[in-house]
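Which chain is which? They are A, B, C and D, in the order written, and residues in each are numbered from 1.
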Amino acid sequence: MSDSTFAARKDWRVADLSMAPFGRKEMLLAEHEMPGLMALREEYGDSKPLAGARISGSLHMTIQTAVLIETLTALGAEVRWASCNIFSTQDHAAAAVVVGPNGTVDEPAGVPVYAWKGETLEEYWWCTDQMMTWPDAADGTTYDGPNMILDDGGDATMLLHKGVEFEKAGEVPDPTEASSAEFAIVLGLLQRTLKSDPGKWTRMASHIKGVTEETTTGVHRLYKMMEEGELIFPAINVNDSVTKSKFDNLYGCRHSLVDSISRATDVMIGGKTALVLGYGDVGKGCVQSLQGQGARVIVTEIDPINALQAAMEGLQVLPLEDCIDEVDIFVTATGNFNLITIDHMKQMKHNAIVCNIGHFDNEIDMAGLARSGATRDELKPGTDVWKFDDGKQIIVLAEGRLVNLGCATGHPSFVMSCSFTNQVLAQIELFQNTASYPLGVYVLPKHLDEKVARLHLDSLGVKLTQLTDEQAAYLDINPSGPFKPENYRY
Amino acid sequence: MSDSTFAARKDWRVADLSMAPFGRKEMLLAEHEMPGLMALREEYGDSKPLAGARISGSLHMTIQTAVLIETLTALGAEVRWASCNIFSTQDHAAAAVVVGPNGTVDEPAGVPVYAWKGETLEEYWWCTDQMMTWPDAADGTTYDGPNMILDDGGDATMLLHKGVEFEKAGEVPDPTEASSAEFAIVLGLLQRTLKSDPGKWTRMASHIKGVTEETTTGVHRLYKMMEEGELIFPAINVNDSVTKSKFDNLYGCRHSLVDSISRATDVMIGGKTALVLGYGDVGKGCVQSLQGQGARVIVTEIDPINALQAAMEGLQVLPLEDCIDEVDIFVTATGNFNLITIDHMKQMKHNAIVCNIGHFDNEIDMAGLARSGATRDELKPGTDVWKFDDGKQIIVLAEGRLVNLGCATGHPSFVMSCSFTNQVLAQIELFQNTASYPLGVYVLPKHLDEKVARLHLDSLGVKLTQLTDEQAAYLDINPSGPFKPENYRY
Amino acid sequence: MSDSTFAARKDWRVADLSMAPFGRKEMLLAEHEMPGLMALREEYGDSKPLAGARISGSLHMTIQTAVLIETLTALGAEVRWASCNIFSTQDHAAAAVVVGPNGTVDEPAGVPVYAWKGETLEEYWWCTDQMMTWPDAADGTTYDGPNMILDDGGDATMLLHKGVEFEKAGEVPDPTEASSAEFAIVLGLLQRTLKSDPGKWTRMASHIKGVTEETTTGVHRLYKMMEEGELIFPAINVNDSVTKSKFDNLYGCRHSLVDSISRATDVMIGGKTALVLGYGDVGKGCVQSLQGQGARVIVTEIDPINALQAAMEGLQVLPLEDCIDEVDIFVTATGNFNLITIDHMKQMKHNAIVCNIGHFDNEIDMAGLARSGATRDELKPGTDVWKFDDGKQIIVLAEGRLVNLGCATGHPSFVMSCSFTNQVLAQIELFQNTASYPLGVYVLPKHLDEKVARLHLDSLGVKLTQLTDEQAAYLDINPSGPFKPENYRY
Amino acid sequence: MSDSTFAARKDWRVADLSMAPFGRKEMLLAEHEMPGLMALREEYGDSKPLAGARISGSLHMTIQTAVLIETLTALGAEVRWASCNIFSTQDHAAAAVVVGPNGTVDEPAGVPVYAWKGETLEEYWWCTDQMMTWPDAADGTTYDGPNMILDDGGDATMLLHKGVEFEKAGEVPDPTEASSAEFAIVLGLLQRTLKSDPGKWTRMASHIKGVTEETTTGVHRLYKMMEEGELIFPAINVNDSVTKSKFDNLYGCRHSLVDSISRATDVMIGGKTALVLGYGDVGKGCVQSLQGQGARVIVTEIDPINALQAAMEGLQVLPLEDCIDEVDIFVTATGNFNLITIDHMKQMKHNAIVCNIGHFDNEIDMAGLARSGATRDELKPGTDVWKFDDGKQIIVLAEGRLVNLGCATGHPSFVMSCSFTNQVLAQIELFQNTASYPLGVYVLPKHLDEKVARLHLDSLGVKLTQLTDEQAAYLDINPSGPFKPENYRY
């Protein structure tokens, strides 16, 4: 479609297009901090390995994602986008993507985006549907949809699979009997498409070469679908690239945890006692973050191996119940649920700070807190003082949702550059070498994982040592890698 | 004066009184983080050791200062306040102090404040004059002024000394021949008072029992005046209390440096190379701050002792010139001037971040930068991108002024509680034991320094060990302190 | 065999049996530091899951190994032992094992050991042969050999495989044409057994249920044999248990590197510049070790992922050539060869310290050094000053062999307890569930890996948090583990 | 005296002169690690500012002290030496000093030393007397004694002062009524000299230009003598040079604490819980040492300022009683006495490690332990297992004396170079500028303190930044220092 058509048709929906110039300014700085993506533009900008790819993307619509999107287009892809979370859109980023590098606020010439901060769930799924539903066929055929999916959390993938399932069944289950309010909305949407275009999802699925999935949750869903024989196209698990899981989780949270607490509360972290629930990669990053500020840190763990790692790093490892009266700052980092119950909250110190950097807001029993009779006083957006009957109060950040998105700006660009360089390489790999990926869930080949790392070294001044041929022969590896066996843990 | 009179007379001037409720909310949380001040209210709230004290205070008008001011009044003092920096006022804090704990926005009942964010220099000295000039005599006498000064940087003290000097001389030097634009304003002000009330400053000085001074610069001025025989009332050097200089500088900057950089730029600090210029207490805090985030840190030093300390902590110590092309983040922390010249800036890496947490904005040659022909693009307040002719750009924070005040919220409450508890104890000491302090500059006696620390232990869960009498005898000290000889360095 | 027979027959060979009492004293303390092994004795001491097992073990004959050996016997096994390295035997440990818990120096009643510090290569293989060759059949049958192998580096496994191969071929290759001096010795040994007992190794192999292998090198050999179809019994790869590779390498080296350098040189590490070659688990432990002492640390890497990890931890990453003139302490930690060449050594600073904690002594070109004309002056055993023609000298530790074995006491007991608890569980698993392990190379199932960790928590005061059933259901895992997917990297 | 006379007269007494070659080898390496002393030899080797100085030195007779002694002689001094502690002599160091750089074991040509490891108290004071009593007058006069004292702990100074006091009184108090067994020995010695040469000490004192004192204890004695009017010659307090107290205590102990524990026990420190009693400079070094190895560290403190410092560094601060059952490693670092009582020891965990790095062995109640009925089993010299009636045992290092001297090799050379460079500069200062030091106790002028640091920078690769004249003027200091006000704490 031509740019002017794009603008005129309003084939996008964002909060405020006038924020685009500010977004584009931030994108310029972000590009400097995303050397992996910029290197891919340089390497592949001419060959355009994604020419012909029509990518439907569902991933937090932030400044970093904006750089990702324009990297995909620089490599030849056509792209449509929605956010994968109702709160995570940065409105100036969404606007900047719509305007594009060569457009203007009056004459946007970028990529269609459906995303704004604070969508309702109805709006969220409407956006997802718009992002999946391409207006016309860019390649001259009659097929009107994506041939690649880029997903974060698996909502786009799930919608498509459910659409196919119900089209095959010929009917959609009754939304009023859905297992959750949100799934009722999905069912409603699919009821409508089943009526308006009964072959929509099946037709779309037949053209999809595959999906590249960003996170643990989405990956978990994919493996489960694969096991149960329900997966209908191949998937690349980007989450478990070393350069994703061991960087984004660990170093991203190291950066953003204290950043979030400081922005939300201005409380001095040094000298305080903090409890980090969970010592996985996220928890490890949180511990570094807090210790770097001089906090005393205690850790909870369910897994004896992670617990032993914590102990070997000099950390005290205790159940929450054993230290609750000593702790000033509680941080959940598990992916589990109901770690901090309302009973726990009632036992905390006055003005204890409670936040979550793990996954869903149910790591802390926010629902129980709301029901408890405690009163809520919003100090500023993202910082609530909850006061109990007895006068004791606690400070809850980001309403129990991810504190680094709710109270700060999420992971910084550099670490997202690692994750997103994996995404782009995975898109190229699936799109170009489709035949090498029969139905299944794959991690990126190690040489690409190493490539992601390699593209981030220069900007940090890192200089690699080069194996001699003799050394490579001695080690029985290729002198340019891959360097490690598959089960190596880094 | 009665509260209603106070409100009606508008004996205060702040940006926006309607921000008071938000300020008072933040004060509530700050009070929790300022256990030293709250303990003093508890200990001295009944005995009111500052009854009769009329304190003119010049110190950054922040939320923490608001808690200080109300501690002084809780101890019986009357107080008037101005900020000691044209940019450092938090307007909601100023409003909250004017309204006071028992007043309302419509009927303020607090303390007179003359301060707002972004004063001109003219306004600044007008505010200082207002703060020094009490409207009438609370004690029934005809003397209309303060009997105590609480100063930060020494501007109030200087104004008073200059006033006395020129009243004695009978004339004020010509402002057009002043050594600086700012001093010309001071001379203008004193010209006017010399005309309107030729004995104003001399009369005021005769009632002053002394000044308690917060910072290095002010202290340096005091010692110099003392040496040169110009000091006219005693001073307590609060800055060199251990619980001030070794806490506020070190731990305050550890907290606020990365907080500032993150808020201003969202750049990932981990993996970057940072240069900290100066390895005094501020520099030491900066290094901890940056290393806690995973930066590689290099240090510059002029003093071989501090340089050797840095080396023993595993830091590389180099002149700026030797590493300028490796550094991503520059932080000046010296109190010196012209450390980062325009030539240095031109040699920096593209998008290098440059900030100052030392003292004045001349640690970085901001004037030279402005003259250099580089163009300035404000990304957001406090974050400017300066682009040179050749396309290279650098990111300068807070216009070269203190980055933690300009891009974040300054030192956190807890560490300011240490400093301000020293201030209050110093005010009590000078006001009550005036005779023990003949003309001179004093540090607080060690037992008070230890008291400040003691008042901050409980809230951190610290439990002291108590000397037995036998042990105290063995060590030849009092079992309740002071514990160390005067030259002990901590 | 009866104890007295054992003693009388001298079915063992160690340096000095009179050192046994000292060895047994150290074993008592080591047992306290090896809670995993002691817990296995408690758990399995009655059921004796290794009753019937005849284990031939080849692993550094240290105090920790002594505790391992007696754990195996406490679980019912019969054991014979040799060291897997000509230098690594602690003679008092070997003596203590021979004497046993209930024997005396005059009437030893322990386990046959063939090991002493400083064996020749001929002696080494003689010891290995003795360890493999059981004197008679304890179970009354006529088979005279082991049914389990416990190996470190794969020498025992290799000898047996080669024996079988040559017995099948009916002849042994000519030792004078061997690829190395050491392999010539192996061939000589096998020529002799082919003559004396042409079915020895084939018969032995047919009874072997499997081997449990301790290290990277041995594991690498096993996978290679498996790939090439040469493996003749199943193997468990103990090395890649999380509780081995991520503990022993990382935390063992963190402990032993600075310990080695201090014992060997007494040089202050703080303030020095150290270069760690390789940032794998061993390198990571070395960096922690050196930074904990205040060294500035630079790292070399060939793998971009590990290099990026180093950078994110604030480390400078450079090739050796780029920093050779700044470095005081060189530590090789790679498994590669010829990292530090004679040319490098000539360019080093005067009195630079050079050591290896990676694998073989060829990480440093010791042969080149010997040939270079430099003179060697032994300061004390393990610490040599090598002086070049030009007067410059360097200090080489442990003759380039593993510095923690050569200059200190190797890994500490606690971390070896993790590794050896894996070994014992692997022996039980292979011996009892032989059918579950068809020919192949396996890592221990995750639940056993987690069990190893669990057995080490109590002694460190670690208290785990227990999943509720609801949480386990939510996470879709068993509440008592395993807790992580197979590809989790810890 | 001529060298041959020296050798023939046996004007020295050490354990074993044949150890000298080994000692001289170690001295060569130590010289490389003592750049401050070597720089003084270079700077002053020709001008010989100590020509004419006859220095009686009492300080631990170690390899580092050997380098100090030969620096003093290289600067022109004549020297005699004794150790200041009955256990601290390194016998090969003592031998090396006696032999000297140009002597041989058969023809020693060095400095008279009276010191061996394991002196009795009688022998100790005999050695001290020998060291003070010069055989004849090197300068041709009849005075036979020192004109400078270099002291550590003040024993030499005390002996001289008591000698003078009793000569003045004409009698020595009855040794049988002495306050301690050791003082009885001193009185006995002085009784004998009073008889043999009643003017010995008075005559000696009249020639003494002053003493330079190494440690806290000695300094404390000096200030006390000064206060009480008993001091008879000026003293320089070397201990409180910044480059001594903030380096030797802090970085020396960081190095030597884990070194001591490892050599004594081989126990893994990572994962253990350690309690450091006292958070002064020594305690701070201990905490770094233990945390660098991955221990969890708790601290005890009596001083609220130090306690608050500990908390701000993320440390838990508790009385011993509150955590005794969690602690694996106890380290006293106070200078106080009876911190760990026999009751505490009985409550410790089985196999807890107990050691002292503070001052005297009474920090731990060793006498009480000996009386308690516990049995002692020496594992190796310096490592004792004490078993109580109930079977519980603890491991006590170095018999409660300084663990880094008893179980390792004390502070490393580099940090001692800082301390000893202060000593040499103090000797020069007092000897050359005697008139500038009227009776009193002085710290070294700051410019010399800075010089000590400066002499240690090159070898660590540290490059200073040089102040411009404009900057120096701005800071109102000399561009080459001193850089800080007197009360600066570093």
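For this structure, a couple of remarks:
The rule is simple: contacts are C-beta pairs under 8 Å (C-beta built on N, C-alpha and C of every residue); 3 or more make two chains touch, one makes a residue touch a chain.
Because the structure is a prediction, the values reported are computed rather than measured.
Chains that count as touching both chain A and chain D, per the definition above, are B, C. Each of B-C and B-D has its own count of C-beta contacts, and the greater count is at B-D. Measuring from the averaged C-alpha position of chain B to that of chain D gives a distance of 42 Å.
Inter-chain spacing, taken between the CA centroids of chain C and chain D, is 42 Å. Our note on geometry: chain B versus chain C, Cα centroid distance of 59 Å, whole angstroms. Within chain C, residues 251, 270-271, 291, 294, 308, 311-312, 316, 460-461 each touch two or more of the remaining chains. Taken together, the chain A residues at the contact with chain B in this complex read 25-26, 29, 32-33, 251, 254-255, 258-259, 262-263, 265-273, 288-289, 291-294, 326, 350-351, 377, 379, 385, 395, 408-409, 412-415, 460-461.
Per the touch definition, chain B reaches chain C in the complex via residues 270-271, 291, 294-297, 308, 311-316. Considering their complex, residues 240, 242-243, 245-247, 250-251, 300-312, 316-320, 322, 335-338, 418, 443, 449-451, 453-454, 456-457, 460-468, 470-471, 474-475, 481, 483-484, 487, 489-490 of chain A touch chain C.
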